[in-house]
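Same chain, two partners: subunit A is paired with subunit B first, then with subunit C.
Our next item is the complex of A and B:
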């Protein structure tokens, strides 16, 4: 009997420990999410929200090519950004973890994440000036004679991608660096003992073992980039719209929260699908 | 001992610092306590200039809390999510005042306390501001959505014709201000239509021209982005610009100019009113009167966010000759005669306009 009571006490204590987290999640995720789902099934008509259930907001979204194009633009830009960021961040993290002397690694990491200290909005506007018609990049290219006329860089998809990559390379460098640091050097030594060359060691030992870190960073990049409004708005020049910009148009111009909610749910569904696609690499523990 | 002395001095300095900080905090609290009353205003960014607000705060010993917004849709969204009585003063697009009256957002204003007779006659806008014999808002500032351009890069004769906004001549050198109503209005004017008579039947032709504009435009940007593009030489023409883009830059960028083409341009105006649920209506009225006073009007006209014409003609007594020149004070009679008002679509037409605007952006 005493053992049963002790076990129950143990369970209650465990529950008490997780209760704050559960309450937090319920208050700040589940309830707002449920409200957003409900809102997406209502309709704004003539300036008023009709609280009767309908799927019309979803039908509108999937029935209008310019809305679907927004989703396609979001996916294309986000995937491009994720791939380019990984390609830049991995070598950078590897150099910091393997080539930079240990006492300088902290300083190197700090330098790598230094741009994080600037406001995201200010950084985006700064990029706009850098990429402008007579900005730093064009002036440098013209000065060294690489181009005869200024390149069109600002207010393009390229500018959006550059702004994103600048931000996410820092984020990915941190996650990949942490992963590389956890990796015992004995793996590489054992592979070398067995006759593997540097390329083979990287491809067959280092890369597979650091893949979870890469995937966690890539997933974070995907989630943050696909939901971002600021960078495409400032750097893209409204020459094409991504889904968050279309969502903002529904809120800012129409005060149409039901439509905006439906689009936000679609965006969440896309993120969920990507999560499931990457789930096998997103476990926190090392296999 | 020297060491002890240092410790002792450090402690004294620390205690002295704490005392000073405490006194400063007490002073701040006292300051706050003195400005016991506060006023909440939902405004456009030009009202956030301390040079405009501080004189009122000091004169009435009040703290003005400003919430800035862009676009009437956003304002309605903010109001819907607020508790009744949260707001006292509301600055709103002149043409949207009837929507606010319909929604029961505004309180009537005491006509006898307003300087209506001093306003430019076109800015009285009784059709928007007066209903059932009562005044619900009053114009405070106005300007034009037309064409801003760089005089050194663009032939002034070209921008006298609205067709320049979709012509190939300046392809890749044009920015479009990202607000569907004025741009659709400008396109309508360019097509020889009256903005007040637009219907669904006019939209296909407008849509075609919008798409043509998008092809030759470099970007479609908000206030900051489009102004930056013109100021940095990224583009040479800003469709939808006006004095609100270039007047404030007159000293630094004299080559930037604005013009009303021969077909005319659009006149925008902002109005000020008091929230129906305000619990501080007397103080709110004092604020409205201050903003409409010649001094308040001059400060509002040259506010740091954007410059534009004051609605009250008597502000001319306070503005400097340079400020009046940048605002084209002397050209106003001719400009007012040639300008049309923003389109004022009903909810259905408004939704269609926004649809074609989104389609245009996605091209």
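Our next item is the complex of A and C:
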């Protein structure tokens, strides 16, 4: 009896440590989410919010080509960015892990991800400078004679993709490098003993073994890119809007919180679907 | 053959590093521009735009606001995160998996959605938007980080030391404050500094939840409407320098800890 009571007292005491954080998360994460769900089921009519339950905001979203296009733009841009970033980051991570002498690896990695820490508003602005009509890239292309007139780079989808790829190459280099380093060198040695050449070792041993880690990084890229408003707004401008831009338009210009909420929930649903689609690979990593 | 492969690898690394550093280099270089446009040719160096930044009351106010929000919200996140990690690592609690999942859940939701949810809740409850609401939002996004970092560093080694302290008659709060917290200080500090950098750079939550007093990224956002301008370069360089310094401090802390082990 006394032992049971003591155990319960222990549990209560432990719980008291966790409670503040739990309460904080409940009050400022779960509760706002509940508010958002409720809001998405209300309507904004004539400048006021009508508190009667309806699915019309969702019907609106899926009924209007304008909104669906935003979702399609988001998916296209995000997938492009994810694929390109992985293709750029993997070789870099591999070279740092394999070719750079051990004692310089950490410095090389630090150097590769340092601009990761620039504020993202500032980073997008910096790309705008680079890609501007009279910017560095156009000046260089003109000077070399590759183009005859400055390219239109700012306020295009290309600019958005470049801005994103810049950020995610750094992120993915970090995660893929960590993955490559975890790999025991014995796998490659065993394959070499069995007569495999370097290309074959890479394709049949290293790459499959690091794929789960790459998938985790790619998923992270997908989630962060599809939810970002700043990069497409600064670099992509006002054509080919992505979903976060459309959500911000509902909040700002139209003060239509119900439809913004419905769209935010659609966005979350998309991310969740992608998560379940990738879950097979994402889970592999823990095994 | 091998020479060629190494040469290609080197060329690739140089190209990617150039890509990574191009925007930062252009940003910083043209912050020292003399004339009014931050585009080539470079006609500096001049410090006039930095002078303009530090003479602008709204920018220096926003900078102070950003520091205030970053420091306070990160301190709160580090404190709540440490307490939760201590409770979950040292006690056998029911549904501890669920509690961990709840505490780390905000990591998987985009900032825009977290900000929108808080905006709706505060407006329904009649809470005015201010630096306080921004700080609340930043604590929400940083608490999972601080918790996860501290939790991952709570090993059996510290538990033995804690047990020894208890055997020697230390009370629970003494154990936590005088034994566990000092041992975990690197992890707590790492979480705190990481939170400071995230809060310092965070835009969308601060944009949605602030009104009259704004943080630096929000102020920069409104400056960007003026287009390309060396003053924007200067303020961007200052922001970058600050983040860079924080990361350096963090790296040194973690590096030192790594070597000691």
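One rule holds in what follows: the second predicted complex is superposed on the first by the 254 of 287 C-alpha atoms of A that agree within 3 Å, B and C clash if a C-alpha of one lies under 4 Å from a C-alpha of the other, contacts with A are read in each partner's own complex, and residues count from 1 in each chain.
Heads up, the rule we're going with is that a contact is a pair of C-beta atoms (placed from the backbone, for glycine too) under 8 Å apart; a residue touches a chain by one contact, two chains touch by 3 or more.
Computed from a predicted structure; not experimentally measured.
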Which of subunit B and subunit C A:209 touches, first, second, both or neither: neither
Touching partner for A:10 - first (subunit B), second (subunit C), both, neither: second
Which superposed partner A:24 touches (first subunit B, second subunit C, both, neither): second
First, second, both or neither for A:66, with subunit B first and subunit C second: first
Subunit B versus subunit C as contact partner of A:234, first or second or both or neither: both
Subunit B versus subunit C as contact partner of A:246, first or second or both or neither: first
Touched partner set for A:161, first subunit B, second subunit C, both or neither: neither
Touched partner set for A:174, first subunit B, second subunit C, both or neither: neither
Most subunit A residues touched (candidates subunit B, subunit C): C
Partner chain(s) touched by A:257 [first = subunit B, second = subunit C, both, neither]: both
Subunit A residues contacted in one complex by subunit B, in the other by subunit C: 125, 128-129, 132, 134-135, 234, 251, 257
Subunit A-facing residues of subunit C, complex: 6, 9, 12-13, 16-17, 19-24, 26-27, 30, 37-40, 80-81, 83-84, 86-88, 90-94, 99, 102-103, 105-106, 108-114, 116-121, 123-124, 136-137, 139-140, 143, 147, 172, 197, 200-201, 203-204, 208, 217, 220-221, 224, 228, 232-233, 236, 239-240, 243-244, 246-247, 251, 255
Subunit A - residues contacting subunit C, complex: 10-11, 13-22, 24-26, 28-33, 35-36, 39, 88, 91-92, 95-96, 99, 106, 110-112, 114-115, 117-123, 125-130, 132, 134-136, 139, 166, 169-170, 223-224, 226-230, 234, 244, 247-248, 251, 257, 260-261, 264, 267-268, 271
Touch list for subunit B against partner subunit A, complex: 70-71, 73-74, 76-77, 80, 99, 103, 172, 178, 180, 218-222, 224-225, 228-229, 232-234, 347, 351, 354-355, 358-359, 361-362
Residues of subunit A defined as touching subunit B within the complex: 46-47, 64, 66-67, 69-70, 125, 128-129, 132-135, 152, 154-155, 233-234, 237-241, 246, 249, 251-255, 257
